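Letters A, B and C mark the chains in the order given here, with residues in each chain numbered from 1 onward.
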Amino acid sequence: MSAPDVQAPAPAPALIPTLGGRYYTDPDIFVSEQENVFEAMWFCAARTADLADAGAFKKVTVGRESVLVVRGRDGALRAFLNICRHRGAMLCTEDEGQVRRNLQCPYHAWTYGLDGKLVAAPNMAALRDETGADIDRVRYGLVPVALREWLGYAWVCLADEPPSFEDEVIGSVTERLGDPAAIDRYEIGTLELGRRITYDVAANWKLIIENFMECYHCATIHPELTEVLPEFADGLAAQYFVGHGAAFGDEVEGFTIDGSGGFEALSGISDDQDRKYYAITVRPQVFVNLVPDHVIFHRMYPMSADRTIVECDWLYAPDVTASGRDVSRSVELFHRVNEQDFDACERTQPTMSSKAYRDGGVLVPAEHHIGEFHDWLLTRLGGDAK
Amino acid sequence: MSAPDVQAPAPAPALIPTLGGRYYTDPDIFVSEQENVFEAMWFCAARTADLADAGAFKKVTVGRESVLVVRGRDGALRAFLNICRHRGAMLCTEDEGQVRRNLQCPYHAWTYGLDGKLVAAPNMAALRDETGADIDRVRYGLVPVALREWLGYAWVCLADEPPSFEDEVIGSVTERLGDPAAIDRYEIGTLELGRRITYDVAANWKLIIENFMECYHCATIHPELTEVLPEFADGLAAQYFVGHGAAFGDEVEGFTIDGSGGFEALSGISDDQDRKYYAITVRPQVFVNLVPDHVIFHRMYPMSADRTIVECDWLYAPDVTASGRDVSRSVELFHRVNEQDFDACERTQPTMSSKAYRDGGVLVPAEHHIGEFHDWLLTRLGGDAK
Amino acid sequence: MSAPDVQAPAPAPALIPTLGGRYYTDPDIFVSEQENVFEAMWFCAARTADLADAGAFKKVTVGRESVLVVRGRDGALRAFLNICRHRGAMLCTEDEGQVRRNLQCPYHAWTYGLDGKLVAAPNMAALRDETGADIDRVRYGLVPVALREWLGYAWVCLADEPPSFEDEVIGSVTERLGDPAAIDRYEIGTLELGRRITYDVAANWKLIIENFMECYHCATIHPELTEVLPEFADGLAAQYFVGHGAAFGDEVEGFTIDGSGGFEALSGISDDQDRKYYAITVRPQVFVNLVPDHVIFHRMYPMSADRTIVECDWLYAPDVTASGRDVSRSVELFHRVNEQDFDACERTQPTMSSKAYRDGGVLVPAEHHIGEFHDWLLTRLGGDAK
């Protein structure tokens, strides 16, 4: 049962090149990525359930900007740049919190509604704009940031004209799973948080993506994962294929650190999805793993050319979290995988500056799809040569 | 009694722009400021009373230079670059200290008089300059830095041709107070140090100046100060006006944390100066507050685009310090103001890089005089556009 | 007996200029030095006795590269860039260690023989190069680095075409000692390590070289050394001359912290070499001190424009180390000298950015040979003006 269950084309056997080392170290390239990738695309910013009540807010770094995600009194989630329009003070300095009715700048008390409009300022009645008119509560309101909710997360986009969420985000999941209905069956938006772990990784964000995309390393660094998913020993990642789920080993009862039984399968999934592991990369910064009884949801926050914060949520059916059942055996499996992967990324970062990596390394056949990621990145950056 | 006691022109009501965010973050602009502001103007370097005895020295960072202020055996204060003329070792590495007769470089023992002349070096008799002459004790002496004493402080200037101290320093105080005699009545040079507090502020020096110049924030962040000076609740800073002192509240007995009585008024001040608070900015790095019974004297030491050290002295009449009377209630008032202000500056610094602040924010009418500071800075930097 | 025992030409008495301050602070100049000096010349990387057994390895930073020095199963020492040819992971992250038969990348298990050849990789049989041929085990093997052994140390060179080891390394020792046989008499390769001390110095590597080259500072900062070698009080370093050894003071019994007796003189040295101290600089990063009963061997590892790691070995005759005799009195002497010197370098670094050092300082006659070092450096960097 360890063979892929869909037919893949035979991989071309030749080694193909990677990006050159400077793509992982050059601060100027990182700035270009912030501009052309993280500030231009949909960016998964926060879990909506963390912002349940009106006035709840969360502060998130997106590219070079501090963004506030806020629950309005009308129940809607909105996002704004976290900066006062008066003299530029940061509106909220706490990572998250709760206000009553307004967002008030603690410097000069300019006050904004939860919808972003300027509602008050000292001596506001006397203020005039450059034409002599009363100041406009929207023009001097908080700078809005586009926001969409999907899979229980708030995705934001700093672009003036955001790309299609359907094409870029939902489309990329469909493309991986091969069926638009496949992701819906997990009803991710109804799941609840069982555990969250945050990792501070001393590596470029692309090393983390590349690592997540391939399984040529699985046999070497992931003994526990390979035990549960025996086909991974062959080195082909689930996402090498379209619609492929890696099958659990015959003796494996659940996706846990020791292969012991997990929880009941999520009620909506198909028979075909049971006892399978799916992995999806939503560019530029989200990884999703689907297993029958839970979902693992990673978001990367690139901080500099050589540092990336990764936040990982383990999501379970509400009755599992409500009953207080012990999730630690399933958390432990992918937490260990994360640590093994991030260790590998951290040992790769320092050598990216070597003259031996000036033109990069090589991708073996099982990694060839990473080459497509590199091509995509170069196109976004406007580069025409590696 | 809370209304301004001089007639100010009605402020224009329109919002006007500030400097763009890069002026607060760009290391190249900071270097230009070091060159064209801190190394070109008079810089308040040290309190002269800290250097009472011959041989006392203090090491101060002025722009990009380490400067030594030294008391000579003739009683005069002098300033020199803190670097040996031989191989460039730092002469004094301690922040302050006391030598007997000379400043000797601890590397090769080149030795300088307290007047900066080279007085000895190993094998000095055999040394020749490039013309074959004996080496010149002045040419190879310490590099002198211009120094003036005023208000009990040593002001230094690194420029080859220092600007007029009378015009730039004394003139700016006169311009603020509206009367050349006003500052003299406080006899600041005769006061003694009651307390010194040093603040390490994670903000650009201009945010600190701008904060000090306006009082639109007073009602929001300075409850104690506004209690003592009720007109500050209206948002107009004392230095918005010429010659204006903010009056103490009717119930207020002194400039203390709880409005309780302070000390006797300084003997020289006029009736008009009693029960008043004056604030002066001496560009680029000194703030002075005058109250009837003490003087608060701030110096800023800009360290990088996003870090500034502020040293603040509380000065009292000699009989107050000699008698050991408790100064803590008056110190506590402005110390709390400082902490409130520097917190505000620190929460403003991180957002200066936001795209929402690329062209800056806005100044309300009560802050319009900050616009003049920005124009002045741009002129000094040789920039012609914000 | 404190006068030099060879006739030196009278030094020209004029002061001559040093390098300008930016040579000690500019990160771009440091990068140029890494490229044109440390990655272009022979670099002393490791003590061969530290790598006695097959499979022993040591990781060393040479310029901007991480280099592995490895003992092969055939007994030969080899050096390689410490980077896997597949996706660029650092092969060995530990500073030193021991493998059995191979160097295996812990990321994807590409495996290299101790001779650098690629010996295994997952699915290796299926891998093809861009021509469709089997992958070449040498082409995809570790990148070799030139290595020579001399004086018991492994010297490596990152240049594609290394310069002549005989001319550059051995030649520079001969030039200093005036006799090719002089260094051989110490039989340094047979000595054993008595003590190793590592210093982390906050100074540019050239300040350390310049300090080591001259003795004009000896009387000021090295009281213990000057006690043992009285002629150093006159300020002329041993290496000011060709073939000159500084004689021990008449009352001095050995090269120890208190002048008390050391060990038996090394068996091979000449009578002329007894009771003498010789100092050699092997550009760019090795200093050797020869005394009758031990050898002190320094290697510098420049980390940035203002930080240098110095590793210092004290080497003794095998019977001294085998017998467990106490080496602390001889270690203490030069350890103290090192600390005194590095303190001086660290107090010189911060002032290199002063405007007073823009064009540098001056060299007194006893330091004129440092000017030759500066000229040499400028030639290597391709600069034509100071």
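Simple rule for what comes next: a residue touches a chain if its C-beta (ideal position, glycine included) is under 8 Å from a C-beta of that chain, and two chains touch if they have at least 3 such contacts.
Just so we're clear, the structure is a prediction, and the values are computed from it rather than from any experiment.
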Original post:
Since chain A and chain B share one sequence, what rotation angle in degrees maps the C-alpha trace of one onto the other, as a multiple of 5?
Top reply: 120
Original post:
Do chain A and chain C face each other with the same patch, meaning over half of the contact numbers show up on both, or with different patches?
Top reply: different
**OP:** With chain centres taken as the means of their Cα atoms, state the distance from chain A to chain C in Å.
**Re:** 48
**OP:** Among the residues of chain B, pick out those that touch two or more other chains and give their numbers.
**Re:** none
**OP:** Under the touch definition given earlier, write down the residues of chain A that touch chain B in their complex.
**Re:** 64-66, 81-90, 93, 106-109, 121-123, 126-130, 132, 135, 140, 143, 158
Subject >> Residues of chain B touching chain A in the complex >> reply: 13-15, 18, 21, 210, 216-217, 219-221, 235, 344, 347-348, 350-357, 360-367
